[in-house]
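In the two assemblies presented below, chain A is common to both, partnered first by chain B and then by chain C.
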Partner chain A sequence: MSKKKTLTFCLMDAPFENARTTTALRLIDTAVRRGHNVNVFAYEGAVGVPFSKQSAHANKVHGFEEDEWNHPLPKDWVSEIMNHAEKTGSKVDWINCGLCVDERGMNEAVPGVRRGTPGDLVNWANTSDNTLIIPTK
Partner chain B sequence: MTHYLLIESRDSFEVNDVAYFYDLASGLKERGNTVTLFLIQNGVLPARKNPSDSTLAKLATAGVNILADHLSLQERGITDSALVDGVASAELDVVIDQMADGVKTLWH
Partner chain C sequence: MAKTLNIIESAYRATIEEQDDTIVWITHAMKGAGADLSVLLRGNAVNYCVTGQKAPEISFGEWQQTHAAQIDQDLIALMGKGVPVYVAEEDLAKRGISLSELISGVKTVNREGILDLIENHDRIWHW
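Moving on to the complex of A and B:
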């Protein structure tokens, strides 16, 4: 394995819509498990990925109550990645684009997420070891 | 010589501009670069053996290293034996390791 590096990911997709969100979180999780530091810049709909007011629901059509349905929530995956990073000594710095947050009224995010601007992405792209932009279509 | 990692997440049978991404991989290789094409999500669907489409086989023959995300293959019921010759199943760690090594990485 390579020595500890800093990798930056830029996400654009809103949660619950596209496999790209799952893949992005898989990549971030893998990077953390490989011992790297990770920067995440979320903009547009992706600021909803760590939105703390996401809530699970039942699936009455299929006859499942909420606890039976086990609805996965991206905010929980983000928290789990953050918790794992703390245990392994990796650092996850997650910035939500402030303008995108305000547009959507999504100020509440899980612990470890902070507000920022596209300038933060530029700084990260200039200072990290590599950057991957995962755009929408 | 530069090492490029091209990540293809779309199905060439569904999205026409996937062909341009394959062309990019081919062109970069022709110019003497090292190229890894990593297929993920619906991007793994064209990796199935298909007598009417040999694009990926030609890329592999040209020297492009073609890998397909193991989980994406599993989700779609594609076994290793169903893959085009020259395409190998791989874990997502490959992407992170290459990024950590400074490989130029592009998502489509």
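Moving on to the complex of A and C:
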């Protein structure tokens, strides 16, 4: 049996709202570092995670300019995970729920993200070694 | 000037992506804009005043986090700007946090003390 697994994640939370988004991406990053293939179905607010128009800012409260502050952007985390996958020989396939994208006007996503439907989640669940739903609360 | 009590209860919600607790941050910003503010930490947020806490370093691919949230230090800075920080005594006890673990300057309040705080402020903003 091959050690390489295919894991499907379904995310629901918007970026910058709670720790579940970060935790989910850490799990995905770990899977990729271990060489596994990962599918991500972003539903509801999670379609904002790879939204390419996110932008960093300065933090005047702490006295840092934008170039000093290294403000995290989840879209960059997604790109980093995808770039790293190429190095580890794994594959990351990210689908944003198209209707959720339309509702939010979030059509612009980082390269590698494509538009899909709940049927894609069904297909992935049927063909993956396991599926983890990380719901919103 | 009207006095506002910011009650912070939700804790560690988005502190990695935001590099801050967003309510501690906005309290800094509103103080800078001239507001008269106090802070009451209750619920899980009482852990914010435990000294020496440190967010773990995090990375995605080649990206490395810098300037991770240091909420105990942010509270010390807030008190340095003249914002009193109170913490609910019962919520500390429930979590097994002793007074010796707290940052200097934070004031503990029991339930009656919380009532007094509410009575002594014009606005109560529960975040």
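One rule holds for everything that comes next: the second predicted complex is superposed on the first by the 135 of 137 C-alpha atoms of A that agree within 3 Å, B and C clash if a C-alpha of one lies under 4 Å from a C-alpha of the other, contacts with A are read in each partner's own complex, and residues count from 1 in each chain.
What we mean here is this: a residue touches a chain if its C-beta (ideal position, glycine included) is under 8 Å from a C-beta of that chain, and two chains touch if they have at least 3 such contacts.
Just so you know, these numbers come straight off a predicted model, no measurement behind them.
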Item to complete: For A:K5, select first, second, both or neither according to whether it touches chain B, chain C, the two together, or no partner.
Response: first
Discussion item. Under the stated touch criterion, name the partner, chain B or chain C, that contacts more residues in chain A.
Written reply: C
Practice prompt. Using the superposition on chain A described above, determine whether A:R26 touches chain B (first), chain C (second), both, or neither.
Written response: both
Discussion item. Just to be sure I read the superposition right, which of the two partners does A:P74 touch: chain B = first, chain C = second, or both, or neither?
Written reply: second
Practice prompt. Name the contact category of A:N83: first (chain B only), second (chain C only), both, or neither.
Written response: second
Worksheet item: What is the shared patch of chain A, the residues that chain B and chain C both contact?
Response: 19, 26
Fill in: chain C-facing residues of chain A, complex
15-19, 21-22, 25-26, 29, 59-62, 64, 69-72, 74, 76-77, 79-81, 83-84
Fill in: chain A-touching residues of chain C, taken from the complex the two chains share
12-20, 25, 28-29, 32, 58-63, 65-67
Item to complete: Write out the stretch or stretches of chain A touching chain B in their complex.
Response: 1-2, 5, 7, 19-20, 23, 26-27, 30-31, 34, 36, 129-135
Item to complete: Provide the residue numbers of chain B that touch chain A in the complex, in ascending order.
Response: 7, 9, 40-42, 71, 92-93, 95-97, 99-103, 105, 107
